[in-house]
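I'd like to ask some things about the structure below.
All chains are identified by letter, namely A, B, C and D, in their written order; residue positions are counted from 1 within each chain.
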Amino acid sequence: MKALVYHGPGQKSLDDHATPAIIDAGDALVKILHTTICGTDLHILKGDVATCAPGRILGHEGVGVIEAVGPGVTAFHPGDHVLISCITSCGRCDYCRRGMYSHCATGGWLLGNAIDGTQAEYVRIPHADTSLYPVPAGADEEALVMLSDILPTGFECGVLNGKVAPGGSVVIVGAGPIGLACLLTAQFYSPARIILIDLDDNRLEVARRFGATDVINSAMGDSIVAVMALTEGRGADTVVEAVGVPATFELCQDLVAPGGVIANIGVHGVKADIHLERLWSQNIAITTRLVDTVSTPMLLKTVTAKKVDPKQLITHRFSLTDALAAYDTFARAGETHALKVLITP
Amino acid sequence: MKALVYHGPGQKSLDDHATPAIIDAGDALVKILHTTICGTDLHILKGDVATCAPGRILGHEGVGVIEAVGPGVTAFHPGDHVLISCITSCGRCDYCRRGMYSHCATGGWLLGNAIDGTQAEYVRIPHADTSLYPVPAGADEEALVMLSDILPTGFECGVLNGKVAPGGSVVIVGAGPIGLACLLTAQFYSPARIILIDLDDNRLEVARRFGATDVINSAMGDSIVAVMALTEGRGADTVVEAVGVPATFELCQDLVAPGGVIANIGVHGVKADIHLERLWSQNIAITTRLVDTVSTPMLLKTVTAKKVDPKQLITHRFSLTDALAAYDTFARAGETHALKVLITP
Amino acid sequence: MKALVYHGPGQKSLDDHATPAIIDAGDALVKILHTTICGTDLHILKGDVATCAPGRILGHEGVGVIEAVGPGVTAFHPGDHVLISCITSCGRCDYCRRGMYSHCATGGWLLGNAIDGTQAEYVRIPHADTSLYPVPAGADEEALVMLSDILPTGFECGVLNGKVAPGGSVVIVGAGPIGLACLLTAQFYSPARIILIDLDDNRLEVARRFGATDVINSAMGDSIVAVMALTEGRGADTVVEAVGVPATFELCQDLVAPGGVIANIGVHGVKADIHLERLWSQNIAITTRLVDTVSTPMLLKTVTAKKVDPKQLITHRFSLTDALAAYDTFARAGETHALKVLITP
Amino acid sequence: MKALVYHGPGQKSLDDHATPAIIDAGDALVKILHTTICGTDLHILKGDVATCAPGRILGHEGVGVIEAVGPGVTAFHPGDHVLISCITSCGRCDYCRRGMYSHCATGGWLLGNAIDGTQAEYVRIPHADTSLYPVPAGADEEALVMLSDILPTGFECGVLNGKVAPGGSVVIVGAGPIGLACLLTAQFYSPARIILIDLDDNRLEVARRFGATDVINSAMGDSIVAVMALTEGRGADTVVEAVGVPATFELCQDLVAPGGVIANIGVHGVKADIHLERLWSQNIAITTRLVDTVSTPMLLKTVTAKKVDPKQLITHRFSLTDALAAYDTFARAGETHALKVLITP
C-alpha cells in the first residue's frame, strides 16, 4: 500500500509499504477514508520527537472503514465506518478508568509515533473497542476527521481546563488551527468575550469569521494594554496558550485575571519562566494536558446537532499520492493560508 | 496602648501608641486577647513588603473582644468574643461574591500591612460584619488564634487547591508552621500517604507526631528517588510547595504524578523555572492562592468537633510587653524549635 | 404614592399609599422605573402564601433609581440606576456566605411578601449593598427587569441545577414564562436538543421561536413516547419541571435518563409521588431551589454581551395607573398570550 | 461443584452444579476463596427481583483466584488473586465511559441475578479485565470481600452522593450493614457529626463503636426533634436513606437542612411521598444510585493504608457446605446480631 514514511529528521517519502495485519486480540485493521496532517507531524520531521523512529508511517488522525478485527473486539465489525482517536486507550488501566486516556499504560499517543499511523491506505488500531468511535448515521466524514485530535485538543486542553463559562472572558494566544479549534468550542459555553492574539492578519481575519469578538495583532502594539482595555483592567478569566514558546507563555501570565486559569495547549521544547513573585497571591491555576479524547462522544453529539462546524477548518484537499504536496502546503501555512489539509487515499 | 510598630527594614519597637477609633460605619474596635507572629511579619521586617509603610502596627492574627462598633455593624455587639480573619472582606464586591475575599476591592490583606494590625492592645477592623467570626461557646481561644491565618492558609491553598482525596498521596515540601498546618488539615480527607520533606530533623519529627506517614530529610539524599519509591514510581497526586524559593518549586515539578496538582503556598520573591518541555503533556495543574479565609466557618466546626487540634502548633507564650522576645524566638526557630508563638496583652 | 396593594384572597386595588422611608442603616429607597408581575403574585392573590399579609404592596421585580440610602450603604448613591433582586441578602450570614441567598437569615424572599414590594412608585430595599446591582452603562433597562427573578430562576433552578451540557438533551415541562426563561438560558451550554412540553400551542410556537429544537403538545398524544423517540430510547439528561403539580412531576420521572437530573422549578401546593421502586437504581438526582440570584452578575454580563435577549419575554406594557389591567392581562395569558407584562410608573 | 441455587420464591438449596466454563473472549473463570450474602439475596428469595430466574446460583460478592481466562483478557492470568466487583462493566459503552458501570450496556448487576453468581466453588466473570481488581500484595482477603459491594455502595450512594464534608453533619437512617458501611466511609471526610437512627439497640451500639457521634432509637421518641437538637435546628447537611421503605424516606425529608442532600441507598419496593409543597423552596437534592463500583481502586488504597477496617463488618463465618445455615443466621440478624457472614468454600 501507499504510505507517508518518516525517514529521520527532515526526511519523508511516499513509499510502497506492507499492509498492516491484526497482531493482538483487541486490534482492528482500518481502511483509511480520510486523514490529515498535524503540527506534531512537523515536530517529528524536525527530529523533536524521540519516540518516533525512522521508518514510521506518520499520522494520527482519520476516518475509515473496519476491514478486519481481532477475536477480542466486540464493538466493531468489518464494514463499520469509524472515527480514529489520536489517543489509544485500553479502557482498563488506572489512568483510563480516571479518564486520563493520554497516559494509558499500554496506549496514549501511539499512532504515527510509537507505531505506524494513518497517513496510509490502512492502519492497525490497538485496543480498537476503546480507541475507535462509530461514525453517526448521516455524518459528514470529512468534518469528523477534525474530531480525531484538533477539536478535542482545543476543547479539553483549552476550553474545559480553562473553565470557560457564560459571560466570562477568554484570550487565546495563537490563532493557528489549534487556537481556532479552541475558539470554535469555547463558544459552547457562551463567554462574553473571546479575544484572539496572533501575528498573522489572515489568521486573525479567520478568527473573526469563526466567532472571535476581538482580535489583536501583537506585532501592532501592546497586547497587554489591549487586553486590559477589553477586560476592565482585570485580565481574562481564561487564557489559552496555543503556541508553545516561552514568550507566549510569559505573555499569558500578564493577561490572566486574579482567579483565572492559564490553560496550556502548546507543545513546548524548552522551559519557561513563571513569575511566582507576582502570581503567588493571584489565585490562578496553570494547567497542562495531552488530550485524552474523553470528550469525543460529547463532541460527536455537538457536531451532529450542528452546534459547531469543524469542517470550516479544512482549507485544502489532496489525494494520498500527493501527500508530499499536502505537507508542503501545510508547512507553508503563512503563504498558503492552510489550516487543515484533508488527505484522501 | 502598647503596640509592636514597624519602623522600616530591620527596625521594630514596642511603642506607646494612640488607641484606634471607629472611622467607618462598618468598623469594629476589638480588644486583643491573643495574637501571634506570622512568617509574613518577618518578610515585612526584611523590607520585602512594599505596601507596609514605616509606623505601621504589625500583626494580622488574633482573638479578641468587641469594644465598640460603627452604626453599620449588625452582627456583633460590645462584649462579643471574636476571631479576627487575616483577610478583610466587604462581602459585596465581585470578588467577595465569588468567595475570593483575598482580592476584595476594599479589603484583602490590610491588617498589619496597609492599616494597623493586631500586635497591640486594640485593633480597628473594617467591614467587621464580614471579617470577624463569633467564637463558638466553650472554644479554646488560644487554639482559635491559629484560625486567623495559618490553618485556613494550609487548608485552602494546600489541601483544597491540591485536591487531597481519600486514598491519595500527598507530598508537602517544607515542614514549617504553614506546611504543618497543611499536614493537619490534609488529614480531613484521609489520604493514604502524607510525605513531609524538610532539611530540619526536629521539624520532621514534629511532622511525624502530627500525622505524616513518611518524612524525608532532603539533605540526606535524593528526595525524588525517595518519593518515587513511596508512590510506585508515579509521584504524588498532590504536591504542596510551602517554602517559596525557586529550588523547592522546581523540586515539586519532579515529584508530581501525571494528573496531579502542585499547590503553591510559598511566598516567592523571585521568578522560577517551569519545565513545560516535560510538563506540557503531564496533565497537571499548578495553583497559587492568597488565602481567602472562606473556609473559616468550616474550620471552626472541625475544631469544635475535635477533628483537628490546632493548639499543638503553639510552642511558646509571651506577654505583649515581651513582644520583642517573642519575635526573637520566632525568628530563631531553627534553634528555639518555635512553631507559633502566642502573644497575650 | 400609587401602589398595588393586596387586601386578602382575591382582593387587590391600586391605592394611594404612604411613600416608604429609610428604616435601617443598610436600607436604600428606590424610585421604580419599571416593574412586572410574577406568577407568584397570582399565588398570593389566591391566598396560597401565608407569609403575605393583607395590606402588603405586591411585586418583587424591577429596575429603579436610588433616591436615598442609609448610613451603612457604601456601594450605591442617589441617582444610581439599579436592578432590584427578588431575593434580599445580607451577605454575612452562613447561608449568604455559601451563596444560598434564598435562605438568608434576615433576607430571602421579602419583597412583596413579608415587606412592601415594587409595584409602586417607591420601594425600600433592605441590605441594599448586597441586594441591588448597578445597571451597566448602556443597558436596556426594560430587558433588565427580567433579571430580577425570572431569568435567574430559570437559569439557577433549571439550567445550573439540571447540569445542562454541550451535546446533552433537555426536556422542559411547561412553556410558561419560567419554562421559556429556562429555555433561553439553557442555550448558554449548547445542548443538542431542547424539547418543550406544554398544552398550549401558542406557547409551543413561542418556544420554537426562542430556540426549542422540538415541541410536544401533551394533549395530542403520549409525551413519553415522543421524548423517547427523540432521545434514542434513553430519556433526557436534564428534565425541568416548570409547572408545579403532581402530574407534571410524575411525568418528569418518566422522561429522565439514567444518570440524569430532574430540576424542579415549579411552586408546588401539594405532595407528589416519587417512584423509588423504579428510580432507586437509576442514578438520578432531583433538585429543588428557591432562586438565590447568585448568578445575577453572570447574567448581566451575558445580556450586555448579547448572548441572550430577555426582552423578548415582554409581551405587554402598562402604566402603573393601569396595574389592574396589567394583572388581568397576565392572569388571562391563555387568551392574551401574555408572557411578562411591563409596568412603568 | 457445590453451589447455592435459587429455585423460586422462598426456595433455595445447596446443589451439585456443573462447573462454569469460559464462553466469551473476555471471560475469566474464578475459583472462589471467600464470598458472602447480601440483603439483595434475601430480596431475590422473596421473589422481588424479576430478572433472577429459578435455577440461578446466587451471590455477587467475593474474592478468588483466576483459574482460566478467555483470549481477549489481558490484565489477568491464572493464579492471580482477584476481587470480584458486584457490577460487571465492559469499559467501552457510553455508560461505562461516563463511570456509570451500573448501567453498562452488556453488564451492570449480572452476577447472581441474570447469570450465575459467586456462592459456589467457581464463577464465570464476563468482561473480566474491567470487572475484576487485583488483590494488593499482603491484603487481608477476608476484608476485601466487603469491597465487592457493601463498602462501595455505602461510599458511592451514601457518602459521595451525599457530599459528606469536613465539619458537616450526617444522618444515616438505618444501621444495618449498608448503613454501617456508609458510616465507616463517611469518616474519610471528617464530618463533625454522624448520627445513626435505627430501631435496634444492638445495631446502634455497633454504630457507636464504628464511629457514630450520636445514635437515636426511633422507637424511643421523636427522631426529628432529636436531630434538630443536634443540628442547631437546621437539620443535617447529608441524610442517607439506608432502609428502603416509604416511612424512612419521608423521615429523611424532615431531617434534611436547607441546601442539604438526601442520598438514597435503600432498595424500594413501592413508591413514596415527596413533600414538594415544602421542599420546592429548600434547595435540596435527592439522589438515587445503583452502585457503580468506580470507587473500588480508591477504596482498595484506603484499606491498604488502614484508613478504614471493613473486616469489622464480618460477624460470622461459614463453610460453603453450611451455606444454608449462613443464610439462616443472616436472615435472623435481629437475634443473631449478624452483619456480614463470610462463606468460604
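Quick note on the criterion: a contact is a pair of C-beta atoms (placed from the backbone, for glycine too) under 8 Å apart; a residue touches a chain by one contact, two chains touch by 3 or more.
Remember, it's a predicted structure, so these values are computed and weren't measured experimentally.
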Magnitude of the superposing rotation for chain B and chain D (Cα, nearest 5°): 180
Result of counting contacting C-beta pairs for A-C and A-D, higher pair: A-C
For chain A paired with chain C, centre-to-centre distance based on mean C-alpha positions, whole Å: 41
Where chain A touches two or more other chains, by residue: 297
Complex contact set, residues of chain D against chain A: 25-26, 71-72, 74-75, 90-92, 94, 96-97, 99, 129-130, 294, 297
In the complex with chain A, residue positions of chain C that touch it: 165-168, 187-193, 213, 297-302, 304-305, 307
Contact set on chain B toward chain A in their complex: 95, 98, 100, 102-103, 244, 249, 258-259, 264, 266-277, 279-290, 292
